[in-house]
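Dropping the structures in below, format is structure tokens.
After this come two complexes, each holding chain A, first together with chain B and then together with chain C.
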Partner chain A sequence: MRNKSKDNLYLVIIGCGKVGANVASRASSIGHNVVVIDKNEKAFENLTVEFTGFTIFGDATEKDVLMEAKIDRADYVFVLTEDDNTNFLISMACKYYFAVKKVIARVYEPDNIQLFREYDVEVISPTVLAIDKLSDFVVGDYK
Partner chain B sequence: MPKKSEQYQIIFFNVGNVLLFYPIILLIPTIFAFFFPFEWMHILAFIISSAVSLGLGIFLKKISKLESSPTVTVREGAVIVLFTWLSVVLIGSIPFVLIEHLTFSQAVFEATSGFTTTGLTMFQDVEHASKLILVWRSLMQFIGGAGFALIMMGSVIGPKGFGMYHAEGRVDNIAPNIKRSARIISLIYVVYAVIGVISLNIAGMPLFDAFNHSLTALATGGFSVKNASIGQYNNLNIEIVTMILMFMGGTGFGVHYALWRGNFKALVRNGEPWLMISTIFITTLIITLNGLGKIFTNFSEGFRQAIFQTTSALTGTGFSTVDLSNPLWINFGVAMFILTSLMLAGGGMDSTAGGLKQYRIWVTIKVVLHSIKEFLLPSRSVTKVAVWKGQNRNFVSYEDIKEILIVFSMYFSTFFVGSIILSLYGYSLTESMFEFSSAMNGVGLSVGITSSTMPLGAMWTLTIAMFAGRLEFLVIIYALSKLFIDLYDKIKKSKL
Partner chain C sequence: MKVVIIGGERIAYFLAKSISSKGYRIYVVNKDAQLCEDFARDLKAVIVHGDASKRSVLEQLDIEEEDIIVVLTNKDKENLIITQLAKKIFGVKNIVTLINNPDNIELFNKLGISAAVSTTTMMQRAVENLLFGKELEEFLSLEEGKLAFLKIEIPENSKVIGKKLKDIGLPHDCVVGGILRKGEVIIPHGDTILDIGDILFIVAVPTVQTEIANLLTGEKDAKKI
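Right after this comes the complex of A and B.
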């Protein structure tokens, strides 16, 4: 019954903050299968009315919670909690325990990025993005 | 939150959308003209209705000035659902007027009874009614059982229609994507219907009858193509198959999906099926034992008749194997009262059945037991009430309990008011309560109040009861109060 085309992906989003909730809502509104995990029940209020996926209330560092989300079948996992260490632990679990192909983690501390990359986790760093964007105003193309 | 004018654009757009697709359903009965060639001129009635629907749909979409629908919130959803159902019922009643020459009130009653999956009928002699009309009645129930939001979401609007889905009184979301949920539910529904037709046919029903009864049993509708309903066949196999179909229809789709996925752990933890089965058995035993010697000559006959009526009442179907308008039954107080209460209780949540819903009753039982447990535990202990629904385990919050309280009180107050109105027309209290409960909960068992010659006031009381009961009252109240407030604001602004 599962359809592997581009317009029907299975996404698991861990951390339902502003970023997680908005990505989840947008993906849900165009028809993807979306599951959101957060250990704070109030966080699900960030989701907009467009969100029609599942929410799982629990700690994603626990294996049972990831299992409940059927994470092994996910096409993408976005790891978006507020703590780099937590993100690393969850990414490792997804990548090496559940064999998820695409794990994308948010990393705040630029020094940690290398570590994530070494373990084959894609990184998105708001800190680096902000640094680059702001530097553009004054430094120009400094490479 | 969108602006007022945008909200109404969304409303017009979506109602227009439904009406644009409605002709597809309206034209299905015409296919049967090939099997019944002597009825070919009746096709015209369906074509006229389709044209009306198409015209209105195009007009509404035009004045909405929208290309595609923005997300529908529950706020617009309520109004959309109200207008959709009203227009669908009105357009759906046109064939009754044109073919069977019913009056406007009778036709609206019949169409409402169809789409709300009630099954009370204006036809005294269905066996001589037009075959196309019979198909149309069954089809109305089949579609009404699924609900328009579900069909539209699975096909046209997609996830943006979630507000509509909610407003139609459904909460089930069985896959992490509502469009897929809608498609899975439709698939389950259609597959069961096909299985139903085949097994009824095997049990000894002619194919045409099997087709109609399978659709209406699964939709827990109850329109029959025989004057004495299922009782006319007097065939035990048919009764058993019909009971299974009714039970399937009265079980929520979340439970069916758990079954299809082979998730038996979740399945046995769902309270609804257990509650339904045990209720049916206990009430059947009471009626059988109490009726021995009075109505039933022996135990097995009594059990067979009682279990069919209780299943039919609880699932909100309304098929019968006995003549309930017989004074013998009306004076059988225990049975009448049990059936009336079963109708109020209703089937499973997110099923095609009406009534209070087993899930709400199950939660109530759990909460009562929990409060006793809490009393016995140390005062600082923290406990939660967990209830299984489909494949998910939910914790009951105060919001849920509040919702249940509101629904219970709406149902009971409407039930009291409605029964009083009916008894004002001179019917006995038993009859009034039974018939009103039957209409309000979308059941369709009748003690004989419903007929084409009944007083107009009583007829419209039942029509409104069916309509309001199917949409679970609140949606209608929300929608109407929104319309009135918006209208009031508009008038106040134009005066300034």
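Right after this comes the complex of A and C.
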């Protein structure tokens, strides 16, 4: 197996919304290899000029699309669609069909976080982040 | 113990109807408000209107580990999250689910849902049996269709009649495991000579199915044309 240094990662980003597109563009600009998947072709317009990676127009809940992205070789997969259920299906496919080690998923519904974690998917929850941040104002000396 | 039926329209209705007639307690969960009203009128069941992929909705159902959960939505992503919430959070052991994209069967199995039914796969098999004609029948398929067990009858004017098995040029990705001839079973080897009406049992990779069918049922002088 080829030894990859931190400055040359292979990233697959699923969902090219504001978050996905910005992460993809930034990662691409510092030299990482990036593939972005979205089922809406217009979404790729969110990418900035810095983006030099590949785009795949397709539905990532389908195995063939993930295969096309060579997802089994990814160092990180970011699963960033708008829908928790979609993100869960894609995360599970990454783990169980393609043995991806690092899957990071966006999870809106706090009730779903436990389930993602049970299956060793790292979770970023905008809802929880916002709650925590805002709560800091109210319970300032809590920490 | 109760049976919880989630999603689905007609299947949910008829399933609930037949199970409740046997005296089991039924809960039906559906996202569609109109459908829930119809169910409430026509079924002897507890009807819950809501999205069962939400943990808060499942929590209202008083799910116990012995319950049976049947998941019938037409979206695999919903079926997946519902089955996994039921299994991981509520500890339910008996879960049956519908699968729409056959590619996902293996995924559900790997995630511990062994009773996964794919209507697409069933319809596909029925159609393929029609495509290949009545001589060839796939009677079993393993590992989500990666391995097929075929049953094929040698028709009257087949060009392979009177030939040795090793000479007819079967593709490499198949093995003839047995021949049924006039009610007797023969375990064939390369020198076995094929006869009219032999029924061959073949283990094969699905991609060579058509080739096998053409080879064994092809008529004698068909190639000369």
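Remarks
In the analysis below, the second predicted complex is superposed on the first by the 137 of 143 C-alpha atoms of A that agree within 3 Å, B and C clash if a C-alpha of one lies under 4 Å from a C-alpha of the other, contacts with A are read in each partner's own complex, and residues count from 1 in each chain.
Keep in mind that, in the parts below, a residue touches a chain if its C-beta (ideal position, glycine included) is under 8 Å from a C-beta of that chain, and two chains touch if they have at least 3 such contacts.
Quick caveat, the model's predicted, so the values are computed rather than measured.
Because the two structures share chain A, they can be overlaid on it, and in that overlay chain B and chain C fit beside each other without clashing. Look at A:E50: by the touch rule set out above, it reaches chain B but stays clear of chain C. In the superposition on chain A, contact is made by A:N85 with chain C only, not with chain B.
Within the superposed three-chain model, A:Y96 lies in touch with chain C and out of touch with chain B [touch as defined at top]. When the two structures are aligned on the shared chain, A:V23 is found in touch with neither chain B nor chain C. Once chain A of one complex is fitted onto chain A of the other, the partner contacts of A:L115 are limited to chain C, with no touch recorded for chain B. Of the two partner chains placed by superposition, only chain B is touched by A:Y10; chain C is not.
Aligning both complexes on chain A leaves chain B and chain C separated at their closest CA atoms by 18 Å.
Common to the chain B-facing and chain C-facing surfaces of chain A is no residue whatsoever. Against chain B, in their complex, chain A makes its touches with residues 1, 8, 10, 28-35, 48-50, 52-54.
Listing the residues of chain A that touch chain C in their complex gives 61-64, 83-86, 88-89, 92-93, 96-97, 109, 111-112, 114-115, 118-119. Contact residues of chain B toward chain A in the complex are 71, 73-74, 158-160, 162-163, 173, 175-180, 184. Chain C meets chain A in the complex at residues 53-56, 75-78, 80-81, 84-85, 88-89, 101, 103-104, 106-107, 110-111.
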